[in-house]
Structures are given as C-alpha cells and as structure tokens.
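Common to both upcoming complexes is chain A, partnered first by chain B, then by chain C.
For the complex of A and B:
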C-alpha cells in the first residue's frame, strides 16, 4: 500500500490550514487596530474595515489550492493517487502557498495595522495606505500562482 | 485628457464693494484666492481672527445640535450625505434663516445647555449608584452611621480584613479585660471586608478599640448622617428625580426637532461666513481700495472679469503666469475617464506642463478590474447595483458619484471577462443543470467564449504578461511623449526609445526559443528577417543604455559601469511584468471559490430541501465572494496603476484647486444664474 494519498491530502490540508492561520493572525491584529480607530472616529469604519480585510486573502488562496488539489486527487473528483511519488509531488506543490501564505499574511497584517494608523491620522491618504499591505500580498499571489501551475501540471 | 489651463487674475476695487465682491466670488466658487503680500506701507490686512473663530464656533454648535437632534428626535434623521447629496433650498429660505439667526443661536444654546444638563444628571446617577453599592454592607445598622457616642457609651464602626464569627469578635474585642461592658455585632461579611459595630461603655472604649486594632480594625471612609437604609432610599429617590429631569430635557430637545432644517442652514451660513472672513484676513487694503489675486480656469476668466468690472467697477488684470507660481491643477476628461480622476488624485495630481494620464489609466483600470473579478453574474450584479444607486440618488456627492460610475463600468468589464472565461456565478449554470435538471455531468452548458483559465492557466498567464507589457510600454510611451513635449530628444532616445528597442527586441528573441515553447505548449517559428531584426533591436537598445544611460557622468569608466547597472534594470522590468500574473491568480480565485460555493450548495441534491438549501447557500456564499473579491480586484488594480504603471513615468506633485466657495455641508442654495 502506498502513502501517496496521505501525502497528497497532507498538502491539500496544509495549504488551507497554514495560509488560514496566517490570515487569522493578520486580520486579527489589524482588527484590533481598526476597532481602536473606530472608537475615536466612527465614520472611518468603512475605510479601516477594508484595510483590515487585506491580509484575509491568503486564507482564500489556501482554500483555492486545497480545492484544486482535492478535485484532482480523487476526493472531489479526478483520479485517486496510487503511488507515493505523485503524492509527494502534490505535497510539494502545495507548500508555496502554505508557507508564503502564513508568513506574508502575518506581515501584511502588520502593514495593515500601520496603514490603519495612517488613515486614522490622515483619512485622505486612504488610496496610498492601501498600497502598502498590497505590496506584501504580491508574494502570496506569486506563491499561489506557482502552487496552481504545479498542481495542474502533475500527472 | 488634459489639465485645464489656469489664469491668474488681479483685482482692485473700491472698498465699499468689498462685501459684495467677496460674496459674489464665494457664490460662484470658481476662484482660488491667493493674494501675495505686497510690501507697502499704506496697505494693511485686517485681523479677522476673532470674528472667524466666533463664526466657526457657531457653525460647530449647530453641527452638534444636529447630531443631538438625530439622537433625541430621530424622526426624519439626516441620511448619509454622501449618497443623498446636499438639500436644495431656495434663496428665500436662506435669507429667512439669515434674518432669524439670533433666534436659532438661542435655540442652539438651549439645546446644548440641555445636553450638558443630561450629562450632569447621568453623572449624579452614577455617583448615587456607587454610594448605594458602598452602603450595601452596612444595611443591618439601624443607627445613623456618623453617630459616635451616646451619653454613656461609645460606638465603634469599622471594617476588618478577615471574616469573623460573632463569638470570636466578642472574644477579640474583650481580650485581657475584666467585666467588660461591650456589645459587638458582625454586620456583613464579604471577601476582604467584614463590617462590624461595637457598643462600648466609655470607660472601656480605648481598650476595646486597641483590641480591635490588633485584628485589623479600620474606620470606614464614608459616614452618612442617616441610617444606611434611609440613606439608600434617599439616594434612590434622587436617582428617580434625575432620571425624570433627563427624560424631560430629552423631550425639550426633541421638541426642537422640526426646526432642524433651519439649523442646517444656520450651520452652513456661519461656516460660509467664517470662510469669507478667512479670505478677508488675507487681502491687502488701503484706505479706499482693496486688492485680490487668485487663480481661475481660463474659460471662466473673461466672465468673472466682465462681471466684476460691470457690476462693481472693479479693475481686473490678467496676470502672466510666472515660473515660480504654484499653479493649482484642475483635470478635465471625457465623461467616462473623469470617473477615474479620484483614483489618480489619491496618488497625486499631475503638475502643470505634465501629462494627465487619466484617460489611458481609466481604460486599463476597467480592463484589469474586469479580468480580476471576471464573473458574468458578479459583473451584472455590480453594474445593476451601481446603476440603481445612480438612479436613486441623482444628487450624490461628486467624489462618491464618480466612484460609483467607475464601478458601474468595472461591472460591465467584469461581466465581459466572465463570459469570456465561461463564469456565471462560478459554474452555477452547469451545477444547476446537473443537479436539478438531470443534464449529464460531462455535458457543458455554459461554454467559455474564449477559454477557461482553470484548464489552461499557462495560456492565460502568457496573455497576462502580454497585457502587462502593453501597460508598462504605454507608461514608458507617456514618458517619451513628455520628453518630446519638453523638446528633450536626447532623453527620448536614451531613456525611452532605447528601452523600447531593448524590451521589445528581447521579447521577440524569447518567443521562438524552446523555453517559451515549453511554457506556451507550441513552438513559434519566426521568419529569418524577424529573428535578425529582433536581435538587432535588443542589441542596439542595450548599447544605447550602456553608453548613454548615464549621460551626465564625465568619467567614461564610471559612465559605462553605471550604464551596465541601468541595463541590469531589466530585472525590475521582469518583476513588474510578472506582477501582472495577479490578473490570472485573482481571476482564478473568483472562479474557483464560486465553484466551491456552488458545490456546497448543491450537496442537498434534487429535492425540495435541496433547492431551499441551494438558494440559501448560493445567496450567502456569492455575496461574500463578491465582496471579498471585488475588494481584492479594487486593491490590486490600484496597485498595478500606482506601482507598475505610474512607476514608469509619473510622479504627481500637483496641487489641487481649492476655490473660494460657500462652505456648505448640508445645503445647496438654489440661485438664479448670475452670469
């Protein structure tokens, strides 16, 4: 009996779990800052909410990769993985979004906290404040891309 | 797609028209007044600080009154001004409010006083509640707490840190005493505080107190002149009274509710006056004449000067624009592109003499937004939602209106890309067909007009890189246009044309290679002349950059070294181009998550419960997905414009045009056209 399925599923699970942990972390941090700003200035709610949500996308990218993986390894469709080799390939393919998602969401959350501070002091700088967290997200997007390209080209 | 030309006007007029001229200009709201200080002995500026502060205070008082009325008389509450726009009132209403302003000021004072009273009463209530809470442990005491002695006895009241029983207390109090005349009582016992009372004959008092001190006896901080129970009921009565006052005051405040409209007018009236006095405080005046300078748009300059000359006999001069002048920026674009002006402004407005990139940016903006959200259903929802808002609130505030118009177009673009990719609420049509109508699983109902990104991600990635390079080259092209406009041919060839040759040449060199064939899945073969041409382009471009990239350097060795470093900048071009892969990633994200939602929704199968479950999950899930992916598309489209596109040519640095106008927040006075 091969461990192929075990490895493939591990990869699928890790991408949602790790990227999700990162996003929860980032969104949580940013949420604390956002609540503080809204306490002082309730009108800024919409703006700081957007900034808070920015680190949330990694979790979604993780979910995306999990879903694509599941639909190819015979759980939500596709052909079941029968050999350890292919299973390990799936595991590796999931790692970029899992690891980069975790770390980038954390740092993006920090950026969001800072940007929320910026918007609190200068509400008209919202357009620029949004860009700083978005810069961090680039690397999550690149990781997502590589994960997808890997998974769709295995087997 | 242009920056509007500005004209500087200088105005001199008789002082008796000062008020009328300022009010006319303020009513027009077309001139930014910025008067250079003229160093002349006879000219003075008025100090208007105190009036200005006074008016500002009045305006703020009315703002506060309106907030209070929203709280206490919430009928006909002020709606979001961003959406509904300011209320239109007639000039009679305005003048009416102006004549009665003293009355409204008194109203405002009364309302603010009422509010102060409410907070005071609330303070008292809290204080009473605290007092009651601290009296609670003493409730068993049936004598006034400040009673310390009777004729023959002394009363000791106080607290002990630890719990104690009646017997132990008596024993402790009468330690080492013979025939003591002592009565003790434990009143209450909580953690950390036990309240006790002792009635002692005067001769024993000192000794008993000393004994009690040994077990931590301390006198209470608060002593009231009634028994605790009496005091408590007094405080409760007081609280009820305060509550009554609060209710009454609230009602009084609410009774002003129907005059809300007048307070709005008054708030804006005073704000506008404060603004007028601010300007008044900057203009130089002699004994009979005052001077004004300011910017107007060129097409307004004739109308304004004619108006002022004919109506007030003012002298108006069109001044030459000097190099050092800080000319404000006004943008003018076609009705589609002007919607993206807000996006540009939040990066920074262009300076005069520079190119206004709004037109090109708006096209790319809508295009890229659509690619990222890329779902037919979501696009239609967005476009219809925006259209409804536009119809329902025709007078919404300008910035908001532009934003919603922009998202309307983004919605259309989203729908377009959605059908190109074959996405309509993800794969909703196929899921419904398969689950509820028994269409076989392998039969596709909604086919993509172009192709499905999930099946061919590499193909779409190449397209994204192509679009990205077009975007980047357009940015570089604007820089070239700017160079040509400034007649800087040298910079055009060395900084723009060289990069065009280099980048386009390199791309053409890469396309026929095996590397590209591996990615694209098909080998492209160019005719021989194109291969030669592409190599020539890349080499010529590279040589120009190497030799002339750093034209300013005299030392040739240094110059070539720096040139080589510039050439290394191709890596940053590569990373810029790869950044456009987010078009693919975000497009995939929308589609795949939408499919997940459909999959979950269809798990109920083909039954009544299944249909109900489908509808609920479908609505909730897709609402969430639209929200989160529209946010992502918005943020990342902005990023592509700000970082990649503007990075090639744009640095903003312009100053927004801030005309001298009525500082109205709530109202808009409908006036007969004056010109």
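For the complex of A and C:
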C-alpha cells in the first residue's frame, strides 16, 4: 500500500471517528437531560427525543464523507491512490467535517441540554427551543459541503 | 454526586420548577379572605400529602419532607445538603437543649426532615456524647448546654448556637467560594449579622453582646457594624448605605416587616442566575432554597390570615418567589 493511500485512509477514518466522538458526547449529554425530563413528565418524550437527536447528525455527516472517500480511493470503488500528493489532498479534504463535526457536536449537545431545560419548564416553547441547537448545525453542514466539494474535485 | 449526573438531575428540577409558586400566586393568596381559603388554594396546587388533610402545620411539614427527600433522591452531595440544612439542624439543637431543661416534650418544635433529629439530639445531650454531632455543632452544643444548665438563660444559649451556625455557614462560604452555595452562605451570614445588629440596636443591647453574637464574614466588617450599632440608628443606617446595603437601610426606615422582607429577598436574588445554568449542582441548591423560601412565605401568610391581619400588612411581609 502506498503512502498516499495511508494518508487518504487516515482522512476517511478521521471523518467518522472525530465527528462520531463529538456526536456521541452530544447525544449522551442531551440524553441524560432528556431522561431527567421524562422521569418527571413522560408525555414530553417525543419533544425531548428530537432535541436529543440533533447532535447526532455530525456523526452521520462524517460517515457520509468516509463513504465518498472510500468510493474514490479504490477501497469501495474508484481509482487506487498511488501518489503521496493525492493522498494528502484526500486527508486535507476530510479535515473540515472531522474537526468541525467534533467541535460543533459538543456545542450542539450543550445547546440541546439547555433547550431540553427550556422545554421542561415551558413545553409551548418547543419550536423556539429547537432553533437554538439547530443554529449550530449550520457550521457542520458548511464543513460537510466543503469536504464533499474537495473530495469530489480531487484528481 | 458526580458532575456527569447533574444533567439528569437539573432536567428533573426544571420540570419541578413549573410547579413552584410565583409572585402572582402569593399575591392571589394574600387577597383570599381567610386561612381556610389559603389552605384550599394550596391543596389545589398539590401541596400536602395523604396524611396532612387540611391542617396547615401538617401540610407545611409534608412539603418540607418532600423537598428533602427529592434532594436525597437526586443524590445531592450530602456535604452540600448538610450545609443547606445548617439553620434547621442548629434549630433542632436549640430545641433539644430547651426540651431537656424544661422537662417538657415538644416534638413540634423540631424539624423532622433534617439530621440530627429530635431523638438523636436528645440522646446525644443526655449522654453528653457531643462527638456524635456534626463537627460544626460539637463545641457549641457543649457550651450552650452547660450554659443553659447553669444559668437557665435561654437567650444566652440561643446566642451561642446562632453564632456557631453562622460560623459554620461562613466556613462553608469559604469552602464553596465561587459557587452558588458559597455566595448564598456568604450573603446569608452578612444579612443575618445585619439582622442581629438591628435587633440589638432596638433592644439597646451592649457592644459585648454584639461582639459575641456577630459572626465575622468576608462581605461585612462586623467590628465596625457592632460599633455603629451602638452609636444610634442614623449612624447605623449610614454605615449600611456606605457598605453596599443601602436597600437594607431604606427598608429599615420603612418598617421592621419591610426589613425582614428585604433580608429574605436579598438571599433569593442570589439564586436567580441558576435558572439559566444547565449542568452544575447550582440549580439543585437553588431549587431547594427556593422551596424553603416558598414554605416560609406560605407559613407567614397562613399565620397572618389566622390572626386576621389586614391585606396590606400581609403584602408587606410576603417574600419574592424563586418560581
């Protein structure tokens, strides 16, 4: 296996791993808060579940980027990477979703916890409560777009 | 309780906060015609338990029990809970000493939901096994009990125990500096010192009494407070205004009830930022203290209604709510 392939695979792995770590943290924290609300008010399950799931999207974005990368570097399809230069380009292309996925999922998790607190106290504010963590999603989507654009334009 | 579990506990507390009494509830109760209608209003709000019926004392005791058991259920650090319970624990100590010395049973004078309980206190005092008490209470218990046995002076005993309680709270304020608990304890010690000084000023107590009763704290120079309290009311009010307690001086000029109200409100205001805090023990502490303030205010309201106080006098006495 060439050094280029090692770099490209590292990028693919980091996308899923880092964004996944962030999502696991965010969903876990929000899950603790959601369970606290449901312990007192079981009827609020659906509302807090939606808020809990929001930080989970970064993990999915990371997975998507990994699949696209694998399908272009000769693992699931495409042309195998033979030169170091191309491998490094794939690694760099994966970094936006890896790094932004990790950080945004952490902050979205905290935002979800706060919004779950808001819904717990004022269930009628659910719509507004959804907006706060959803705003953090913007930056994960931007990073996903950039990663996909970069990967699909290499070579 | 480990930090990771606060998210669960705080979320539970947020749901419970929906059922706290608000200022408008209190205002509505103040306008009700009698004690019975206040009790009925509280029962509609879910106060009391199966055994409390319509007895206001039992309803309030049931609420105190509920909030204490919730704190235990949420596994609030027992050390934090011990600090929060200082006023009730030290009160139980006072009640225990007085019960033994008066040779008259008075179980209603004790708080049931805090440790040490009546049975524990009485056992410890009879055996003089002071080491079985929490460390903050040991020396004061021994000194207060000896004083009561020798002098039968209830006020002197109260001063010893109250001072020990304030010293314990100040220690906690230092230990938990930077957290809500630390700020609350500090604020409570400072406000209580002012209350003691006011009472001493109005009952013409001497400076030696004040120096024994006032607990040193970080936010107030108690020596200066004791000095000005013996110089007369205007000097005392000026001192308060110059040291960031202008509102207390204004309340004192208005009435004693307004001053007592300021004391409780100033403590409650230290809790308000916790409404926006999602992941520490602060909201749990704030909820506990908010509930205790609520119960205290309802007790004032019920007593005032039972004694046919005019509505205006009641409104002057009711406290701001955390809810």
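Throughout what follows, the second predicted complex is superposed on the first by the 153 of 155 C-alpha atoms of A that agree within 3 Å, B and C clash if a C-alpha of one lies under 4 Å from a C-alpha of the other, contacts with A are read in each partner's own complex, and residues count from 1 in each chain.
Operating definition for what follows: a contact is a pair of C-beta atoms (placed from the backbone, for glycine too) under 8 Å apart; a residue touches a chain by one contact, two chains touch by 3 or more.
The structure presented is a predicted model; accordingly, all values stated were derived computationally and were not measured.
K.L.:
Between chain B and chain C, positioned on chain A by superposition, is the outcome a clash or a fit?
P.N.:
fit
K.L.:
Chain A residues in contact: does chain B have more, or chain C?
P.N.:
When the residues of chain A touched by each partner are counted, B comes out ahead.
K.L.:
Check whether A:2 is in contact with chain B, with chain C, with both or with neither, and answer first, second, both or neither.
P.N.:
neither
K.L.:
Touching A:50, do we find chain B (first), chain C (second), both, or neither?
P.N.:
first
K.L.:
Rounded to a multiple of 10, tell me what angle the C-alpha centres of chain B and chain C make at the one for chain A, in degrees.
P.N.:
If I round to tens, I get 50 degrees.
K.L.:
If you stack the two complexes on chain A, which partner ends up touching A:110: first (chain B), second (chain C), both, or neither?
P.N.:
The answer is second: A:110 touches chain C but not chain B.
K.L.:
Regarding the shared-chain residue A:36, is it in contact with chain B (first), chain C (second), both, or neither?
P.N.:
Second partner only.
K.L.:
Once the two structures sit on chain A together, report how near the CA atoms of chain B get to those of chain C, whole Å.
P.N.:
6
K.L.:
Where on chain A do the contacts from chain B and from chain C line up?
P.N.:
Touching chain B and chain C on chain A: no residues.
K.L.:
Which chain B residues qualify as touching chain A in the complex?
P.N.:
Of all residues in chain B, those touching chain A are 343, 346-347, 454, 457-458, 461, 578-579, 581-582, 584-586, 588-589, 592-593, 595-596, 599, 628, 631-632, 635-636, 638-639, 642-643.
K.L.:
Residue numbers of chain C touching chain A in their complex, please.
P.N.:
Against chain A, the touching part of chain C is residues 4-5, 7-12, 14-18, 278-279.
K.L.:
Where on chain A does chain B make contact in their complex?
P.N.:
For chain A paired with chain B, touching residues are 50, 53-54, 56-57, 60-61, 63-64, 67-68, 76, 124-128, 130-131, 134-135, 137-138, 141-142, 144-145, 148-149, 152.
K.L.:
Can you list the chain A residues touching chain C in their complex?
P.N.:
Residues in contact with chain C: 29, 32-37, 39-41, 44, 110, 113-114, 116-117, 120-122.
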